[in-house]
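The next part holds the structures, each set out as structure tokens.
Same chain, two partners: subunit A is paired with subunit B first, then with subunit C.
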Partner chain A sequence: MKRLILTMTVSLMVMVFTAGLVAAETLDITIPLPLTGSKAKFGEIEKRSYEIAAEEINAAGGIKGKKVVLHFEDSQGKPEIARAIAEKIIDVKKQPFVVGAYSSSCSKAIAAVAEERKIPYLVVTGASDTITRKNYKYIFRMNPSVSYYTGGLRSFLKKVVKPKSVAILYESTDFGTKGAEGMVKDAKKLGMKVVMKEKYESGAVDFKPILSKLKSKRPDVIYMVSYVMDAALLMRQIKELRIDAKLFAGGAAGFAIPEFIENAKDASEYVVTATLWSPQVAYPGAKEFAEKYKARAGKYPSYHGAEAYSALYVMKDVLERAKSWTPDDIRDALKATDIVTAFGPVKFEDREGYQNQNFMDTLVLQVINGKHETIWPEKYATKKYVYPIPKWRDRR
Partner chain B sequence: MKKWLPYIITGLLALLPLIGLSTYMMHILILVIMWTVIGMAWNLLGGYCGQVSFGHAAFFGIGAYTAGILYFKTGLSAWWGIPLSIFFVSVASLLIGYVTLRLRGPFFALGTLAIGEVCRVTAENLRDFTQGTLGIMLKERTWIDKTWYYYIILGIAVFTFISIRKIINSKLGYYFVAIREDQDAAESLGINTTLYKTIALILSGVFTGLAGAFYMNYMGYIDPEIVFALHDISIITIMVVMVGGVATFWGPVVGAVIMVLLAEMIRSIPRLGVAHQTMFGILLILIIIFLPNGIVGDFSKIRKFFRFGRAG
Partner chain C sequence: MSVQIEIFLQTLIAGLLLGGLYALIGIGMTLIMGVMKIINLAHGELMMVAMYIAYWLFVLFHIDPYVSVLIATPVMFFMGVAIQKYLINPVMKVESILPENQVILTVGIGMVLSNMATIFFTSDYRSTPVDYASNAFYLSDYWRDSPIELSLSIPWTVSFILAVIITVSLWFFLTKTDTGKSIRATAQDKDAALMMGVNVERMRVVTFGLGAALVGAAGCLFIPIYYLYPALGGKFTLIAFVITILGGLGSTIGAIIGGLILGIFESMTATYVGMGWAPVGRFVIFIAALIFLPGGVAAILRRHKLGK
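So, the complex of A and B:
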């Protein structure tokens, strides 16, 4: 018995000692993020998520035995500063790869530098189409580009709802316009008639004039692209006016976040929305990450957080597979990536005019019993979709 | 000594790339010089002519978009945007001046502020022409190495510096100062104030536009939110001049060094760098409270302060 304790203590000490030795070696990763300025909210979400990932990786022994140490540099959302940071990462810190950035414009500035220097760059959340359509060899992107955001919703409409007509309401911003244009294109593919396409000033309070017009058109699907407050107001006023449709659908953004349900209350029930990710999705590690994040920040992360969190895991996977930690070997390893992360499957492909783009399924959420549930694609569903949805007068 | 200062500084700057700086330092230096150009241009209108513009992003953006659209629509090198921007920015300045120069003082400032925003919204919505918020991206930048970019922007800066110096020391410059000091008095002395204000605006706009066209070539990507930015371009321009010294030749140079180089250095301080905006903000407040004429403008004050310290 004594001997057993002795061997155990000795082996424990050896383990601790070696662990200490290993931990002494660090892998420094510098990540550019907008931590001040108008995009700071998203920068903050991503920063927290990277930190959670780094802590987990370090607790599990780091990357190839090296402890990950993250440094964040504030790009202020300005491309020239993002570029300065990228130059510093490549030239001064000699880091053989770049990760991060958040906004499309900063991602573009960094992508140009990275490609020129032949340094692999993993784009996180920059959604502009052009980033992966430039024949760049060293640029990889984890999230689908903005044109693919509604892919899941489209297949849900096609397979389940089979609508004949659609009405589109959207806010007059770039995001809203693009979302509406995407829907018009989808409608053509699905053989739906666009009976109405109407934009409104974001931040409007009274939608009744537009909604009365909408009611007279009797569309099968009402598709809306809006941010938080507008999304909730629209649904509440739709309820007040008792406008019935086969399906109420939102194009991500305002419909996909918890605040939507808080604000719209029971009017939000059965509304479906496209999104890239949700805390309830059945990807391995997604729920754990969401809970961990919530414990720290007090609320669930958006898809930005999940993507940042998973980006570090992708880099871990890549660095472990790379033959050596030179830019070219890391690039080759990135190219061969094929893993499933908390954000979803990651695999970089060249197709449809894109290079090194991850084509993942986008999800459809539905509000069921006052909670966002993933309903589509069926393999990731957390609950069976509710369709057809009850008419307003049949609801309690 | 004082007479030779510009030559010495230009000479030193021209030799800088030869000592093998990292590309990171080169990038910062290029931005410093670019901001110097914009600052000098603003100073001509705001400092000497007394017309405080809050919308210099308009000229910067039009310059950048001249180069961008030229490249995107005709396939010509975006470098042609630099000479061409002179023409387009002049025309735009003329139009902008026609509207805003009827206004005085704060009304002019607000008018230009609005013009800057109008340009941004226009560029966002003229999709077929400007690509809207998608922006314009160069497929390939001309050089990977930064040395040439550095010399080009240095050339533009030297050209701007010499031109502005010539203008200010000419009759034109005296007209500008007269307008700044008292527009009505100047008018009564027979100065066609509208004409000279328009000239100041056009000159100021053209130099700013050159910097914009350079930006397009150097950064390789523009969109309306970047080049027509109120906060990131228009306000920073004013800060460059205010901190450096209004209506001084060297003010914009010093201002650009502080606004870009010092800001970057503060940002890079380990740990404390997290609060870089706060620290930098406090520094700017201190400068503006204690040196209201800017570092160059109140240089004698600084000197006195240090002499006093030595004597004590």
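So, the complex of A and C:
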């Protein structure tokens, strides 16, 4: 009897010990991020998001029983440093895949190294079109490229609003000009006439002159590419002048953040805007992530955070499915990815000249009852869109 | 046709309202210019400070920005007095290679102010979300069958009216009171004023305080229609500078007319040329005033024996 107990205890201890050993085995992932320099703000958002994801994954038992340990290397947002980091990850650390980087230029530099060494690389947030248009075999991208940002808005216009004409107002910066050019192209595709395309000086006090002119053109859609305070002033003055259009659409981040509603107040009601992601979106885990992030950082994350957070989950999924953890098997597993993350559905496709590009739907938000609600695509909608929108005179 | 009239009238209204507020910003600078012969390049930053005062009064105590005019204006007056007394006056007394080092000092003061605002209040954009921010009067509400629709924004109109009231009271202060007359005397001829027993140094202090108070009032009036951030000063310093040149250096009435001209000109440019051209228009006016009208509006008025 004594012996039996002894054997049992010993075997139990052995089991616990080995289990402990297995759990102690780690998977080290090194991620290049801009942690200093002008892009540090985004690097910080992404770092925090990766960490949240890693903690969650580890709490749920890690990846194939291995504990994820993250290391961050500071790229300073410089492509040459990003390239050196990628070489270190691949040649020294022998990591069979690369994930991360923030800017397009850094992502491009890493992509070149990864492709050359035949190591799969998951691009996170680099949005330049060219990254996934170079016939690379090992480069995958989670976010739509910059030309697809307004895809959701375009389909909303096409299916619901069916406008005949559009007026475009944009700030006289590179960013505003690009946004306006994109809309002109979209308008051509949708058969809309561009009745007015005017730039303005960002920070202007009074938009009423330009808006009175716009009013006389009677466009179906008013499309604005503006930063947040200009956006709020524009909508306030549109309300003042009672300019009625079928739809007020914002083409940039300025319309998608809470400050827009705070400043424009009731004038912001029913304004729609295109975005990649929002904390309110109905993707599984999106809200939980947003709340968890807010608890740590004090404010909601931008789409950069959600994408980084989800990137680690994509890697978890890929590593669990891969036949072995060699670069080629991981690449094959990446290619076969088809999951829905907190950032949205992820599936890498080759089409329209892109390779291994995730063509996720971009979202359309509308301000309804003083809150941003996702209205398009309908399957992710948190609320039914309000269209047609009431005329200013009839509001309230 | 009626559409064109509507656009024109609406633009004119917008220009007038904007011009009235511009004038108030310009007067403060022009007063300081007249008495001290220096351009106060911290003018916009002083306005920024007043806007932060109005902002925090609204956020913390729910005091309407229009009421904070009564609080922010005296605060700015004393701030202006302090700046003149403890910073500018000592520099004026120092012999230096550069005769305009007081001007450089004001640039420095402006930088300090805007950087302090960044440190204390962060560089976030803020605005006071007053409830009436986008309310307006509409012509068609009063005249049902009106062929054209015009609107008159409530906060813009209130700000404009207050700006007019402040300007008129300033006018009375300068023409009817002893202190006002002393200020004008100092502006016209410092040495003669000194011999007539005017305390020139004290007038300088009062003038700088007055200039700061005026731009402080302008800041409060701007808050319901605009927003604020620490770096906003430079933009308004520039506007005030253009108005001061256009109005004729140191002329109050010139600054009022200059402000209105600039406001209307900017609005008209925005409607008929393109809003992206507004900053270009501002500098065209500036250069045109320097070349063709070196004395500004004041020179024309003087020629017709209108100005003081």
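Methods note: the second predicted complex is superposed on the first by the 369 of 396 C-alpha atoms of A that agree within 3 Å, B and C clash if a C-alpha of one lies under 4 Å from a C-alpha of the other, contacts with A are read in each partner's own complex, and residues count from 1 in each chain.
Methods note: a contact is a pair of C-beta atoms (placed from the backbone, for glycine too) under 8 Å apart; a residue touches a chain by one contact, two chains touch by 3 or more.
As the structure is a computational prediction, the values presented were derived from the model and not from experiment.
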Fit-or-clash call for subunit B and subunit C when the two complexes are aligned on subunit A: fit
Which of subunit B and subunit C A:204 touches, first, second, both or neither: second
Contacts of A:109 with subunit B and subunit C, given as first, second, both or neither: first
Touching partner for A:134 - first (subunit B), second (subunit C), both, neither: first
Touched partner set for A:326, first subunit B, second subunit C, both or neither: neither
Residue contacts with subunit A in the superposition, subunit B compared against subunit C: C
Vertex subunit A angle, Cα centres of subunit C and subunit B, expressed to the nearest 10 degrees: 70
Minimum distance between Cα atoms of subunit B and subunit C in the superposition (Å): 17
Complex interface listing, subunit C residues touching subunit A: 3-4, 6-7, 10-11, 14-15, 17-18, 125, 127, 129, 131, 133-136, 138, 149, 151, 153, 222, 225-227, 229, 232, 235, 266-268, 270-271, 274-276, 278-279
Subunit A - residues contacting subunit B, complex: 35-36, 73-74, 78-81, 83-84, 87-88, 90-92, 105, 108-109, 112, 116-117, 128-130, 134, 174
Residues of subunit A touching subunit C in the complex: 172, 198-201, 203-210, 212-213, 215-216, 228-229, 232-233, 236-237, 239-242, 259, 262-267
Touching residues (chain side subunit B, partner subunit A) in the complex: 22-24, 27-28, 31, 124, 132-135, 137-139, 141, 144, 219-221, 223, 225-226, 232, 264, 267, 273-274, 276-277
